[in-house]
């Protein structure tokens, strides 16, 4: 099957991390198309970046559809553009944030999220509320490591993430951890060993969910909120994105 | 004071309706800058349109800030781009959807929303949930009148809206009605007389809320989710929107 | 417009603080009638005081109606008697507690309340739950400064309030603060400067909300819970308060 | 044990109905002091009546305390004055509304409430929310039989109550019914036989709960919201109700 | 009346503690049948033990029914087997967990639970959620005293329970405490004296609730979730438990 | 990988239906061990059957563990014994009810469940609440087709299921349907074609979720509620099930 995995930002190094995590999680016969967002922010840190990340993500979803993708993954932990992508695509779409939350809730009574910046915490809390999984999430903790610092050994990122995991287990009584950024994908396994609890990377989680939906022929409902966009002209910069019948 | 009122879509006729409703609601000494979105969809009908409406709205917020606006109103009932606008602006920002919901909850134990298309219902339900006012909302009802039909006498729009109001009062035990589209602004008063309950137009509601916040010097918190965007380069189409320090 | 502002207690000094805050917040052409409750407790500290504050507040609402008030404000942070006042009045009624909560939720993802005594915390938590804004409130914190001590420089009230604000920002991740007593009205501005977040005085908030509702012709729904009281005889002490057709 | 049962209104006929229901439910060795409210409304129909019912109820609680009551019951389905009574009394206090809700939730997954006037529905819904039992309540249904009509054979009250019960079982999937007015106490048993589901009278429910609390020595917590009122002077009409140390 | 009290485990010493607490709480004319579970775990510590405790509890419920019990109590704080027992029995059934929660909510705005092992916390949190009382519960705190250590003076059990109570009052703002294990029944009274707040033993709470339901003729609804089991053959080990018409 | 799929009841025909649905959904290299429960009810209809289904399910989980299963599926829509199975197993465990709910929430804003008997509705509603997905579920609808009738062409089962789906789409505004019984697995595809919305079979959903968890190395957390059972002796019938260190 063909899986279209869209990094929400335009940073090639992070797309590479995502592609590696996806390849490791995917079925042997899955072909992965891992791409950066078509245009927009180099990293997504808060609601303003989110707003400008969406059109570039949707462009990559449209391309993936055209190439016959069986399922799409939006590889930004904010699940940036998820509703619009579901309206646009025929194939199912999974966000790495929601994927992490859903799988965590199958493994533990309470989970915690450890993410990058404090300004992203409300975005994630709003998502948890919408998905209905806020009640299962003990806390969303920020490390205040910026997205692009994750790759920088000098940032001490791993130690700061480990510190928040320790606090989540002790203070919030979390029983599992969801890593709140695509850029943390390569840390999940070693942190899980270190702490003895499931540490979930959203990219791997979204890959198996997207594969699973496609394998059993499930697609997004086109009744209600995810109905196909109504054909109309968009003006200016967005004319090329006008929905067509 | 200067109020920057941004129609979420690019349709001048609707901007005119909004401007008229705003002028009627505003203080005598308020100057209203009512503008259409800078580019994007001619009407917002569902999550895909929402995604492409946001950048054009933010451009108008940026302009309003530059012109010294004391407060901003986003005049799309989906509150399109509200979080990003709050991160961007120094002055407070109010969405007409949230404005309608908040004022309704000061007037009635339970209110209902009567909106345009069914595909917009989940968007509004998600907003109500985030704002915390879902518990106060008896129902969000769609008329399946499209946004631009509202202006068309042949559309029978008023009758269909009145029909849903009647059902909301009877079947949902609503005690007040919020009209769920900026294009319905001119119907509020006559529908209120007809049904003998408060019928709230979000534009008027947002105008008095925005004026009120500005009058007492309240601005959006810059701590947490609405922190000012971090300076970074956006690529491609969005380079002009890159946040600067 | 005429605004009827009723201090929930009978202490003239607090009515004066309230009147000053209201005057500062109000429109130039608003006339303020600021009055103490007609009879009852000198300060409202817990549910028993609340119970005996209500009739005196309602008497002042009745007077305000007779004088042609365009809107009413109940200036007790417990929103004492709010439902009964809404049933009684033709003009809209706003409580300073709800006003503070609603405006805070337009400025921040999460707010905290800093109030006087611990015994008032459940009253406020119950109100937040009813209004639907509990989900937006990170914490209600008591300073254990009594209501009438607020005016007493020896009470160290400001320092204790500032201490709780600091804890709310740090421990509860609050992004805005609502001051939980009418007697704190004069502290909002300096605390906001000190902490760099919105600090909301409920009196100012209620004034602009009440003005706003009146400006756009919105009144309390008379369908359902706020229907006009049914005419009947009250016995004894309360005979003069019997509702009349 | 001595049980102080306070009818929330001043109507002697209803106090008699309540006393009879209480006597039937009570332990053989329980002495019942059943009294009408000391002054105020002849029936409680909405929030305004509630406000003026509270002081007269509290006066009866105070008397009951003085007479050595082991527990108190507030026999108004709105649980009028419950928080203030708990602050005032040393002995435990139970409202007939909450009693009905709690016992219903021990007998059925979902219950419905059948009450008198529509204007009381929001009062009961607010109570259910506060008690936490809103999630267990399928619906609060109004018969629009007024409180004092319940006793009037010409009112067809029983038939209208039965009609709402039938709808609650069929349309709301209720599995048990709580009768939403003290004046319906004598109907519970025959309605239960007719419909084959538990039909709960709040007076009986409150009597056994109050007896139960007293029997095992449980009293209201004096820490937090129900702390004893702080000694202070009330002015005017309410001087006699001033709390004393 | 005859009360059938079933210890959820097979440990006779704990059944004795339960019987003593029940006898102390019960009416003079109540006959108590206090029995250990028919077979299964010696103590219930987590979901696996719960699963194997249920059939033995149901066997004792069936026996109690056959002996004409007027009401049943399941004396395990997890309320093990409660739904199945309600389906099976004609007489009402009360769990000691739910009994403690319900009575606590009549005495305090917020209560906390102090239980044995951390692994039981999710079980209790799930129950609170189902009962609707999660919103009233400030925290469920584990002492990590195992169930059978409670009786062992060397375990220092009382001190550890007292420590968690102190933290619940201070850190969680609890106003009352529910002891989260039948084996703690004998500590309630002394802990209540020590801390000056209600400390509720679920056994006593369940006894007065069960007596109360029976006294006023209330039984479990047989409509919906607690309908009598449909007659069918169970295979193997469970053949003797097959429901019969 | 080896997938252990346990039918919650002992009916071989239903195990066959489940095995077929699982085989169709599974990866080419997945080996499926599909077994009936070891002993207990022939069909699970309500909480009493659930209680007696659990031990036989756990026996099959234990066997599956011994045979080296990479993941387990509990193929009863009530998710019977799920918590205990998670405590017991080293490999992850997925219930078909939760699987259906989670996947539905990735495809639609609101879904509905169409199940067998009314008595099972509360069981499913309680599960939805625990999982946090109640907010996403528009309704749980009973067809009152019994579990074993599903296979009987004379039962008109398909027509009754289709009737409830039609009502869920129209009256509840559901956008996707979850079939609420393992015995309905073979109907999903044709009903989805008929109604043009996703119709989800829990067996297929659970298979891809279980495979997905195993593929990326995720296991149930052993911290908190799913900790391994403490070694102890069970008495009587259950001695063979005593947990061992």
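Letters A, B, C, D, E and F name the chains as they come in the text, with residue numbers starting at 1 for each one.
One rule holds in what follows: contacts are C-beta pairs under 8 Å (C-beta built on N, C-alpha and C of every residue); 3 or more make two chains touch, one makes a residue touch a chain.
Fair warning: this is a prediction, and the values are worked out from it, not measured in the lab.
Listed by label, the chains touching chain A and chain F alike are B, E. Taking each chain's centre as the mean of its C-alpha atoms, chain B lies 43 Å from chain F.
Chain centres here are Cα means. That of chain A falls 29 Å from that of chain B. Multi-chain contact residues of chain F, defined as those touching 2 or more other chains: 109-110, 118, 121-122, 126, 129, 135, 173, 224-226. The set of touching chain pairs reads A-B, A-C, A-E, A-F, B-C, B-D, B-F, C-D, C-E, D-E, D-F, E-F, using the touch definition from the header.
Here chain C touches chain D in the complex through residues 10, 38-43, 45-52, 54-56, 58, 81, 83-84, 86-88, 118-119, 121-123, 126, 129-130, 146, 224-227, 229-230, 232-238, 241, 243, going by the rule given at the top.
Chain E contributes residues 109-110, 135, 173 to its touches with chain C in the complex.
The residues of chain D lying in touch with chain E in their complex are 24-25, 27, 92, 94, 98, 102-103, 105-110, 131-136, 169, 173, 175-176, 189, 196-198, 200-201, 204-205, 207-209, 211-213, 215-226. Listing the residues of chain C that touch chain E in their complex gives 118, 121-122, 125-126, 129.
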